[in-house]
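These notes are about the structure you will find just below.
Chain IDs A, B, C and D follow the sequence of writing; residue 1 opens each chain.
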Amino acid sequence: MKNTFILEARNVNKRFGGVIAANDVNLQVKPGELRCIIGPNGAGKSTLFSLLCGIQRVDSGEIFIHEHDVTHKQQFKRVRFGIGLTFQTNRTYQDLSVKRNLAIPNPSLAHSKSAHQQSKERMVMALKGFDLDPQDETRACELPHHKLQWLEIAMVLAGFPDLLLIDEPTAGMSRDETDRTVEILKQLNDHGLTIVVVEHDMHFVKSIAQKVTVLHQGRIFMEGNVADITANEDVKNIYLGHAH
Amino acid sequence: MNSKILHLIGGGADIGTSRTFWIGFIIVVILFALYPIQVSEFRASNAAYYLLNIPLGLGMALLWGYCGVLSFGHVAYFGIAGYTYGIIAGNMVGNSFGLIAGVIGGLLASTLVAGVFAYFVFYARVREWIIPILTLVLTILLETFLGQTAGYQWRVGSVLLGGYNGMTGIPSIQIGSFVFMGYSFYYLCLIIVLVCYVALRMLLNSNFGQVVIAIREDPLRTEMFGYDIRARKWLVFVLSAVLASISGLLYVQWGNYITPSQVGLLSAALPVIWASVGGRSSLLAVIIATLILNWVNFTLSAQGNQYAMVIIGTALVITMLFFPRGIVVMTAEWIGKFTNRSNNEATH
Amino acid sequence: MNNDNQSDQPETDITDGKSSKENFGPKITRRSFLQGSAAVSAGIAAPIYLAGVSKSFAAKGGAVKIGHIEDLSGNLAVYGVQKDHGAQLAVKEINAGKTLKGGPVGSGGLGSLSNYAANPPIMGNGDKDLKFVNDGGELTESGMAFVEDKDVLVDSGDSGILGREVELIHPDGQSNNNIWQQLTRKLIQEDKVDCLVAGFTSAEREAIRPIVDQFKQLYIYTNQYEGGVADSNTFCTGAICEQQVIPVVDYMIQKFGPRVYTIAADYNFGQLTAAWTRAFAPQVGGEIIGEEFVPLSVSDFTTSIAKVQAAKPDWVFTLLVGSNQSNYYPQAAATGLEYPMASTVNMAQGYEHRRFKPPSLNRMYNCVNYIEEIPTARNRAFVKRWYEMFPKDPYIGQMAQNTYFSVHMYAKAVRIAGTTDQEEVKRAFESGLHLEAPEGTVFMEPSTHHCSHYIRLATADADHNVSFVREWPSIQPWWLQRLGVNLVRNKEYKQYIPDEDPFFKS
Amino acid sequence: MEIDALALSLTYQFGTNAAFLFLSALGLIVILGMMNIINLAHGELMMMGAYAATIANNQFGLPFPLAVIVSFFAVAIFGAILELLIVRRFYGRELSALVVTWGISLILGQGTFLVFGPFMPAIKIPGGSYSYGGFSFSEYWLVLIGISISLVIGLYWLYRYTSYGLQARATMQNAEIAKALGVPTNRVYTLTFSLGAGLAGLSGALLAPTSTIAPFMGQQFVAPAFITVVVGGATNVISGAVGSSVLLSAIKTPIGMAYGAFLGTVALLVAALVIIRIMPDGISATLQKIMDRRRARHTL
């Protein structure tokens, strides 16, 4: 059977000292999907992203991007398969101008001409939506927090990925800014970009997600649509710290 | 096309982008060109010594200031190039090709060592803070090895390595029968320094240079844009080793001599000092600091002043405390702010 | 001949032990000629080839500039400051109109004097305590006449040099070879020094010698070193291997036995001195049973000590250099290593016997041309003068004394030449110049530009008291002669190393 | 010569070499591991310890063990002042800290030369020696080996069972969280730097009798100290220092005995380069991993 997933993790395990950060995780993301990953603090969400991108290596298990086995690939090589990542803490280049920040990602990574064209359109869409000027000479550290978050998303898009991993994009944002973020991400998703978001904010999750994965203690606890998840008693317990 | 080159030279990767700056820059270069006319050959040759250290300082600025990798042992490549030149040119005395072969050989040898070493360091993804210590270990290793090469068994062709006393009688570079010495050597150094500066500015303003700066700012972020930062760091390391080699090659022309202490602990720290005092993130600042600090040190020692090291140490501590980005860079920023403000006031 | 020189010969002598103005020819028979070992006085007969040299006393051209580079800061400052003080003391004395006794005695060296003197010198004049020593330095009834002067510092009859004040330009080499090269160029090209006195390590000497040769600068290297420099512009006033290694190795093999273990610093000096030992020991029945070379950076000697113990030698030849390596002595003593030791570098240089607690240097034998403890009256007078000027100094080392007498020797050579013109002064240095230094008589051997020295074998006991077991009043620097070096006739600018001598092929 | 005597001698050499490396590196690794500051003035702090012990012993007539303790506190106080005045401004800027401490080392070295002159009179090595089968062994070095071991135990106790240790470990893990939890992180940093400096002074004082007491004596410890630290890594201060001094001594001792001091030194440097290639985070990280794996096996 042909594998149709853009991103797939099979039986991934990772352990730090005595802490189990990923316990037999299986994750499949289809092209065009907009997936949310939720879970309480320490559930292993950010670790999972690190493992998917190769910042950390799995102890066992396999990872596929576009059906390529990337388990033993260096992180920058995985990026060349079309994966893009924003970090939990903002990692724009603080001392460089907005213009310079947007110029650093390498657009030559897109696989094909049509993908290239599509990505370019997405980029324009994001810049417009986030109100960013690619000629802006302001230093990034002078931007307000939400602008920095948007800048990082725009920067990643400037690398022309077709799979975007976003780690807590709306942390610290106001309700309006969150809504704006949701809107743009939806637009991008409609334009064919696959997006996986790690998020705490249930308001955000409710307004964006098609499918939600719940992580708990390094394990996939549940997967389903938003309504099912929010209705589930066990999920509530996890968040309140009861479930084991 | 022309404007593109001009943009590469004048771009913002270094302090000084304004028209006033460039006019000033050209005036200073002319003053440097005129300097030997007014002074004795000794002064010119002394100034040449200050100049010939600049590529080493620039290499440090490139590697540490722009790429964020601190090497505490770049003098190793200085030494390897100098020794290799001495061996090759010394064995081919009388053959006009020998000197060029020496230069090429020197550059190749240090590139090779730097390449292998940097491969070990960067492809192992060694922690950032370990790199200065590893580079230091390498240069101490080289010094220890060269120090015990006094005997005849350490003869390469007709050239003795000379142990701690060093290699003597290294031939000066010449074109035909014209030997670069005194005044002419000063001009040779001046031209090489200018070429290095302009070429580095162009490199750093190019895409490649921008990514290098991004690596300094945030290596992981940059890698997650798909750049192989190991390869880029490797290349920058090798490039800066080549710059150090250029200094080494000029040094052996200047003194016709090189010793293991040239790659020892004290020498190793010097380029780091130049870069930190001037401001490592600016090529020009490092150039200025290299010139001034060498001059100050020589002046102090010529007076027989025992306090030279205390003064230099204090200067270093004060710089790091109050001018963390370097005295020259922060002064330039201050001037920049001041002129901006006065410009604004003039327009209002 | 004597009368020709009378009016203008500046050299010094004394008539009665007290200092006095210079006396010339007519008073010759009233003088004592027995200062130092078989010593001779100046002014008797300037060698014939000096006749005709202008000897104007007119002060001209401002001060006489002596350039002196030593390390006043950094790792080598320990030795550099001593040497700097030696130069300062000598310059002060020269400017005060003092000089060390001595003068040209001709190319034949000591003892050749009677061929030139109109009236042969008379040994002793009754009021001196004349001693005879054999070539082993011990008192005997026959042998070499020897009389001990109370002091050798006498009036020069000159103020400064040729009436010109002496200026010492003494920058700081910072223990950094690059600075050395820069300073040398500055002193030669900009300050235009009349004489350059400089250099602690051989590396420093080799760094500046090309520059010296480029400008034909008169250069005096005052350090004890491995030997072999044959350079027309360079005069070496320190002791070298044949003057130190051979006497001490010979003595040690006689006294303690043939099995030698050498532990040496892993660089030029250590390796070349070890080569001398390797070549010479078998000639006197010795055998090198082990040899270890230690990098200069090493300071923990546990393994080296164990290797010495495993080899079980009769005595250990330690050629360790620098402050790191002198750690060997306390570490060896603490481990209970009790072999007799010999050296050519320790004690007289870094005063290990004063710094380390006894008995670290028990049974250490050291061949030196100078050590502060030399019990002669002239040395005690010298030591007293030194500490009057530099009361805080910890010790007067061998090289400091060398620098001191070298500066005096330069002054003497200029007076003979009658000019500071460097080529003329070099000729005066090659005139067979002798000088009564604090150590004893030194003689500048014309053909090799090295000095013969008064060598003593000093030893430290369990309480680190220094005593002298043998003396050699004059040992020639013969190795370069053996290689056929004659700088008076053939100009050379190189350093020979033992590999060039078949004697060293094993 | 009997084989057993040779074996005993090799063991003794191995112990002294390891103790030398450990003592050289101790203060450095405490500061590095806890604070991420590469202290290039480490050698000069050791020099100060040696000077303090020498002065206390020779001029004030204190017995040597007391002089060692005095020098620990003297250098610790100096370290605290240094931290308050200078070093504290460089947290998070490792490379700048490296440069500034190098500047401090220049001042201390030449300053000591100007104040105290070229040498200090040495301290007599306490104790005598034993001999066996042609080899002999210094009592003092045996004591140093013992002191090294007790320092390891003492440090372990300090970090494990004292409130300072707890706070220090918390700060090391995550300074911001520790601060939020009410740990006085600034004070912890001052104390840690002071402790590191004091340990450097203590090592300097302990090694003083075996060494020339001179202003630039610190330089001899710089290379061995850094090599030990790099090989040890900063994951766990104690296991890093112990592991790497033991491993490096195990490489250096036999090679030095068989082929001489030069190749012994070269082997040490080459070993450091190779170990770093194999274990980029040093021995302590590798040990940690092995321990984790073992613990995991037990729990699963």
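Structure notes:
Here is the rule we use: a residue touches a chain if its C-beta (ideal position, glycine included) is under 8 Å from a C-beta of that chain, and two chains touch if they have at least 3 such contacts.
Here the structure is a predicted model, which means the values were calculated and not measured.
Taking the definition of touch as given, a chain qualifies here only if it contacts chain A and chain C alike; those chains are B, D. Taking C-D and A-D together, the pair of chains sharing more C-beta contacts is C-D. Averaging C-alpha coordinates per chain places the centre of chain A 45 Å away from that of chain D.
Once the centre of each chain is set as its mean CA position, chain B and chain C turn out to be 42 Å apart. Annotation: 34 Å between the Cα-based centres of chain B and chain D.
Contact of a single residue of chain D with at least two other chains is seen at positions 110, 113, 219, 223, 262, 265.
Among the residues of chain A, none is in touch with two or more other chains. Among the residues of chain B, those in touch with two or more other chains are 140, 144, 148, 306-309. Listed by label, the pairs of touching chains are A-B, A-D, B-C, B-D, C-D. Note for the complex: chain B touches chain A at residues 210-211, 213-214, 217-218, 220-229.
Within the complex, the chain B residues that touch chain C are 40-43, 45-46, 49, 140, 144, 147-148, 150-152, 162-166, 168-169, 255-257, 259, 261-262, 266-267, 297-298, 300-309. Across the interface of their complex, chain B is touched by residues 72-74, 77, 84, 170-179, 181-183, 185-186, 188-190, 201-203, 205-207, 209-210, 266-268, 271-272, 275, 293, 295-297, 497, 499 of chain C. Across the complex, chain A meets chain B through its residues 53, 55, 74-77, 79-80, 84-85, 87, 91-96, 100, 103-106, 109, 155-156, 159. For chain C in complex with chain D, the touching residues are 73-75, 77-78, 81, 266, 292-295, 297-300, 302-304, 306-307, 309-310, 312, 323-324, 326-327, 330-331, 333-337, 350-351, 354-357, 360, 392, 394.
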